[in-house]
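Below are structures written as structure tokens.
The following pair of complexes shares a single chain, chain A, combined with chain B in the former and chain C in the latter.
Right, the complex of A and B next:
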């Protein structure tokens, strides 16, 4: 709010009046204190000797890690394929689960805003707020290590994300088209198939590819907790301090992520 | 849609396909099915093990009805405080670092060399998974919240700087030009012409990132970078599902609260 205040007779333009300025100053002070307190806690929990030593360690690791062991690539194709499968099948099953949840959660399609919608929203929030690595940890403990656990983890984690974006898309549809279909005497399912689905189809395709891209990134690390894919090789190499292999794996992961991002950008450009 | 009305009259209506080119449609459908079959076949599932696990899974689900907050209360509390500290510190530092980088990554403000360098930083930060960064930083800086803090700050840069730069590129030129026309310096131009336009977006993104950073801080503990993740990992390893359920409930509740709060703040600033 621009304010004009009087200072020694003349009027000077100021962005804020004194009260607003003081409030802001106080807010900044509190914020700074909180930050400094946080920093102090982190600092207390840190061995500063290691930190001062860090450049040397980093240089040392860098030396060991170079050059990457290219011959190890032969052993990476299979895990890479597994990683791709975890991400793709995980996304596929997530979408199957997300569609009904989204329809139950959207205000304009939910059968009951009082009972079913909160349940759908709870599913969305709880699956979304827990990282896929935690889901993988949990599923490895329950159904044993392997690709299957990774795939289920990715699927569960993605349900909330996809359903949230999808239900927002459903809520934003044009009601006139739906009404037109209803006016022809269509049943509930026909309204869905001809009035709602065509409108959200581009959003759906976009969400699917977007999530697939994210899932490729996430599935590269699921192996760290035993859920298959290239992360398993990464963990093995890290545990045996085989730094040249780690470098190669990181390069491969980097390339995969860039490639998936490129594919996802292309497909989204085509459908939207 | 090239057919005229005359040719269409009398023809039964068919739903137009989502992908218009038939060859592309059929390639995608057949390719997708083929991939699905091959991928499912290459996945080895030990169904006996899964079947055994279902019982444990049931136990875990039941644990949610009876979470145990008390027996590991100190561990949980310390882990949570550490997570919160890492989150706050990393978000603050992430915002502070991402503002100059976002200015550099906006093509309408920065010259080309600066633009390329800043975009490079953003791309690097986005391509590297948090966990991988955390592993490397733990190897370099040792165990503890410092590695987690640095990881989250680094990851925040990619996210905030990219989205903020896009917002800066979309800004209303006439407002920024008006400040320039008054003879304002470069800093005044940024402060009065650009900053007010992107501020609501910056606040919204920062709140969202705070939320993401808390969620991420829950997993960083798995690789030794501090936070609640370490407690959670221990609980799983010992099959203490009731404690694990308690931690997960706390994480969900905090994330929900943060999301609610950020919703209110975003509604107020926009």
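Right, the complex of A and C next:
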């Protein structure tokens, strides 16, 4: 900010000069115009009658959804078990695939930063960028509906996530411990087993339970597209307007998620 | 015997860390390497076991040119050079025993080391060494539970279980208190004497170095400036190594009788 000397010789201090002030003012103006224009577009595309009506409808559905139909629970145990299996096995296979990818992607362990690392990063980005629901849609089309499609969808979706967090952990290890193991005359694999693996074990365990936790949530909706699990019951109940069943399913999902949260917190606490 | 011939290291950035270092270190000699930070002390010892690749020159241990070895030969050669580090460089999440046994990695196969099925002779030797460095009751503790001095003792045991001919020691006392520093230096020297090992010890503490070594080498900007017995380290010599400063208090007084027993040992 250039100094401005007032008539009486005192220095006037301003955070921004006139040009910067005008630029900020113009940016705000443009932002406001864009917001109003977008608002108008959305407003045109909205049936406002339904929106004004929403609280009444919500109250109505709420009334009809209460109390939950507890007896429906008999039919939920099996899909709930499927859901847990999808999440757990999906996470398990994802980790098996993620470990080598992470070692190939980490700058300090990759065999070739020029050729192999970009491929590993591509695997990470591509599996991460597609939602598991979309993977499930594709896989249901390819290998047919059911638990297996759901499990594969979860596994593929989780590879990138796990590999990314893991390779970041590998890049952050203490190089001196690795150096010390190399200095003993250890082979490449021994350096990995003694110098690197112990250092990333806590991160690995943390990532595994964290992803398992996320996958429990994700696998509850996979049934919506036919990939098995409790989502199938949810869709059925929604389609038949069986609101008390929907309530029960939501309660069950909520309880499962709370449980998985608790388990992962315990495991993380135990490992670190 | 270790022989360095014209050892030179230029880093890719263009920094000349070592320039034409030529040295002979006979068996059983314990040498202190002193010099200001950035003088190339760390680079020098890392060029010997090739944790750093020298740009030119040779390092010859008992007739074998280390700089010419392929990866398999280098691994076998590294077994003969035990390394001790400034901040111990123990694998923090492994136990004391695992850390000591990791010194045998060059001798055992992958699966044996992976399942921690070391030969009984290695385990016996590990117990002997842990007893020798005074950590027998710490065997099953994790390395990150130990104090600095204890960790360095584990580091020493790890280096010695390699059954080395040479110890490369990088600032062993820089993270330790004065008393522990002396104990560690004494331990290193005693073990060298017991086993007839030669050692190169990078060290900042000139007085401490004088107490425990037979020979001092001064390095400045990658060039050997001084090579002689500890008592030949005068104020003038320290000025050529480190630059202008009042060095009176830094040097051990040669005529002081108290320290002479150290030398006699």
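Points to keep in mind about this one:
Note that in this section the second predicted complex is superposed on the first by the 234 of 272 C-alpha atoms of A that agree within 3 Å, B and C clash if a C-alpha of one lies under 4 Å from a C-alpha of the other, contacts with A are read in each partner's own complex, and residues count from 1 in each chain.
By definition in this document, contacts are C-beta pairs under 8 Å (C-beta built on N, C-alpha and C of every residue); 3 or more make two chains touch, one makes a residue touch a chain.
Remember, it's a predicted structure, so these values are computed and weren't measured experimentally.
When both complexes are overlaid on chain A, the residue A:201 reaches chain B and chain C alike. With both structures placed on the common chain, the touch criterion links A:177 to chain C but leaves chain B unconnected.
Touch criterion not met for A:236: it reaches neither chain B nor chain C.
Applying the stated contact rule after C-alpha superposition, one finds that A:244 touches neither chain B nor chain C.
Judged by the touch definition given at the top, the superposed model places A:187 against chain C, while chain B stays out of reach.
Using the contact criterion defined above for the overlaid structures, shared-chain residue A:220 touches chain B, although it does not reach chain C.
In the superposed model, A:39 lies in contact with chain B only, and not with chain C.
Chain A has more of its residues touched by B than by the other of chain B and chain C. In the superposition on chain A, the residues of chain A contacting both chain B and chain C are 194, 198, 201. Against chain A, in their complex, chain B makes its touches with residues 15, 18, 35-36, 39-40, 42-46, 49-50, 53-54, 56-57, 60, 81-82, 85-86, 88-89, 92, 127-129, 131-132, 135, 139-142, 144-146, 149, 215-216, 218-219, 222-223, 226, 229, 232-233, 236, 239, 244, 248, 251-252, 255-256, 259.
Of all the residues in chain A, the ones that touch chain B in their complex are 31, 34-35, 38-39, 41-43, 45-47, 50-51, 54, 57-58, 61, 81-82, 85, 88-89, 92, 125-126, 128-131, 133-134, 137-138, 141-144, 146-148, 151, 194, 198, 201, 205, 217-218, 220-221, 224-225, 234, 238, 250, 253-254, 257-258, 261.
Contact residues on chain A toward chain C in their complex (touch as defined above): 174, 176-177, 179-187, 189-190, 193-195, 198-199, 201-202.
Only residues 49, 51, 75-79, 81, 83, 85, 87, 89-94, 98, 102-107, 110, 113-114, 155, 158, 162, 168 of chain C touch chain A when the two sit together in their complex.
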